[in-house]
Amino acid sequence: MNDSKRLAAVLESFLFVAGEEGLTLKQLAALSVCTEGEVTEALDGLLAAYESREDSGITLRQYGGGFQLVTKAEFAEDMKRLFENPPAKLMTQAALEVLAIIAYKQPVTRVEVDEIRGVKSERAIQTLASKGFITEKGRLEASGRPILYATTPYFLDRFGLNSLEDLPPLLLENEEEEDTDLFLTKFQDMLEAQDEEGGSDA
Amino acid sequence: MSYNVKLEAFEGPLDLLLHLINRLEIDIYDIPMAELTNQYIEHLHTMRVLQLDELSEYLVLAATLIEIKSKMLLPVHEGDVFDDDGTDFEPEEDPREELIARILEYKQYKEAAVQLKESAEERAVHFTKQPSDMENYGSIPQADPAEELDVFDLVSAFQKMLHRRRLKAPLSASITNNERSVGEKMDEIMGVIVRKGGHCVFDELFEEGDTGGLVVTFLSILELMKRRDVVVRQQGNFDRLLISLAIGGTEG
Amino acid sequence: MNDSKRLAAVLESFLFVAGEEGLTLKQLAALSVCTEGEVTEALDGLLAAYESREDSGITLRQYGGGFQLVTKAEFAEDMKRLFENPPAKLMTQAALEVLAIIAYKQPVTRVEVDEIRGVKSERAIQTLASKGFITEKGRLEASGRPILYATTPYFLDRFGLNSLEDLPPLLLENEEEEDTDLFLTKFQDMLEAQDEEGGSDA
């Protein structure tokens, strides 16, 4: 049998058994007794085959550093018949905001999160921890030694991210350019300030 | 009771501020403090039903807004600020600067939250399977569950299970709905026995996997026995049960 | 898309998600909204495809009244490497689930744990007991007098807890819409059974 095809088949069977736990490139290489390069190549082949086959209901994804087999997106509606209840609203807006802040700024204390949001985030943090999306990651060496929070691998999986580097870059509002604008605007303000002051409320 | 009502779902004072900035089409780098402050406070009035602890957070920002507004009303530093060439320009700190920075930072994360949500939604259309039970293959799990694990791994594991169960739970329910009633099943069983020449091994009637179906089948057989449409016999202990059509049913 | 290919793909995704539990012909027909005849035909096609593809590690198996996807027998040797040296993550999930259930719901019987998980937990309970994380704590006064399990002080120690009260609260608030599903409600009921009546949350 063709060796590269055999490798693809073996990898598929490992991935099938591992299911949602997934397997990392390293684990797959060790289990198949191949190099990571060979495994990568075979996985690429598998993915291409899944995507091109019309009679294939599954495909390959990489979440949280691990490869896993998943059903194709196009069958999501059909899958819902298996589950009936659609798999739910994710979480409240507040929890999502807190999660975003923790994801980008980790490790981070609750107070820092509170400051960014302008509201207390304790409850949302509890929710996120109890859902397994965030975890305590030591304590800040500062007065009160506040708890530091970070995201978990489970967070990556459920949010379809392979690693934290996959987080979309924060939109910085073109800081560079804006800075000069800000300066000019400021200057203009000052010029106009006098005029305005007389008229408006006091 | 009215304490709990939220007029609009603002995630806090900064969220409200952002909302106003968008609605009033305010240039975030050139905030007209008087207008924004007025609007903000007006909004607080209509939101007076807020819970007290939330209200205090909104009030803190209101105070900040008023403070900035009043700072801006102070006469600008006299002297060299307005030199024509600007060489001597001494950048007076804009009292709004810190506020702008805070709003921008919050806005960043608010937008990131939207993206995260989208990302999670994209992920949610892909379904996975539980890992296969390795015990079926005779391996003995020896891993120490507490090795380098903390209580949050425990929680994660639990949530993972809940997620899985949540997906799976309706399966049996939806399948059960498709099950035939006892009456239908009785007809079906009679049909099977007839087709098999009047006799049928008990087990053959129980080949379907789900519990609901098995229960219906069992109830149907009991009902058929009660009606004496069928007779169930066993040759000896532990022998297979044999179901036969009752000959010359005694019904009536 | 070719309809029969699409049906094959849909069936594959159902079978994949169902995993070892498999699905009966009747279930598959109901789920795919097709006749049993159409499903049988599509399954034949799937099986033929699996068997002919050299890069396929899985195949279709018929058992009792149902169908399930399984790894191909020819990769048994490779599978053995996975089973003999499984990645820790694959091994700990089951044990952690059981431990979590026992920790939050103790004292609890094995049957209750099984019910919550939806799978047998005997092996995991044995492992946990032999590691000293859980212990027998009397018997339930009910038919069969089943053993009750509870966590040990060693458990608290290893997970860095002072007492069971330090366990992070599980998300059981109605606030999060996501969790108003049947199962969680049931679980909630079980946890709160001893407590109050579900009064109105005016």
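Note that the chains are named A, B and C in the order they appear, and that numbering of residues resets to 1 at the start of each chain.
Going forward, a residue touches a chain if its C-beta (ideal position, glycine included) is under 8 Å from a C-beta of that chain, and two chains touch if they have at least 3 such contacts.
Everything quoted here is computed from the prediction, not taken from an experiment.
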Label of the chain whose CA centroid is most distant from the centroid of chain A: C
Chain closest to the middle [Cα centroid of all protein chains]: B
Approximate Å spacing (C-alpha centroids) for the pair chain B, chain C: 19
Where chain A and chain B are represented by their mean Cα positions, the distance between them in whole Å: 16
Chain A and chain C: spacing of chain centres that average the CA atoms, whole Å: 25
Where chain B touches two or more other chains, by residue: 127-132, 134, 150, 152-153, 155-158, 160, 166, 168-171, 173-174
Chain C, residues touching no fewer than two other chains: 13, 16-19, 79, 82, 90, 93, 168, 170, 181-182
Complex contacts: residues of chain C adjacent to chain B: 13, 16-24, 26-27, 30, 64-66, 79-80, 82-84, 86, 88, 90-97, 99-101, 103-104, 116-119, 123-124, 127-128, 131, 133, 155, 158-161, 166-168, 170, 181-184, 187, 202
Sites on chain B touched by chain A in the complex: 9, 11-15, 27, 29-30, 34, 38, 53-54, 57, 60-61, 72-73, 76, 81-82, 86, 89, 91-92, 94, 102, 104-117, 119-132, 134, 150, 152-153, 155-160, 163-164, 166-171, 173-174
Partner chain C, residues of chain B touching it in the complex: 1, 127-139, 141-147, 149-158, 160-162, 165-166, 168-171, 173-175, 178, 207-210
Interface residues, chain A side, partner chain B - complex: 16-21, 59, 61, 63, 68-73, 76, 79, 81-85, 87-88, 90, 93-94, 96-97, 99-101, 103-104, 116-120, 129-132, 135-136, 152, 154, 157-161, 167-168, 170-173, 178, 181-183, 185-187, 189-191, 193-194, 197, 200-202
Complex contacts: residues of chain C adjacent to chain A: 1-2, 5-6, 8-14, 16-19, 31-33, 45-46, 49, 53-58, 69, 71-72, 75, 78-79, 81-82, 85, 87, 89-90, 93, 168-171, 173, 175-179, 181-182
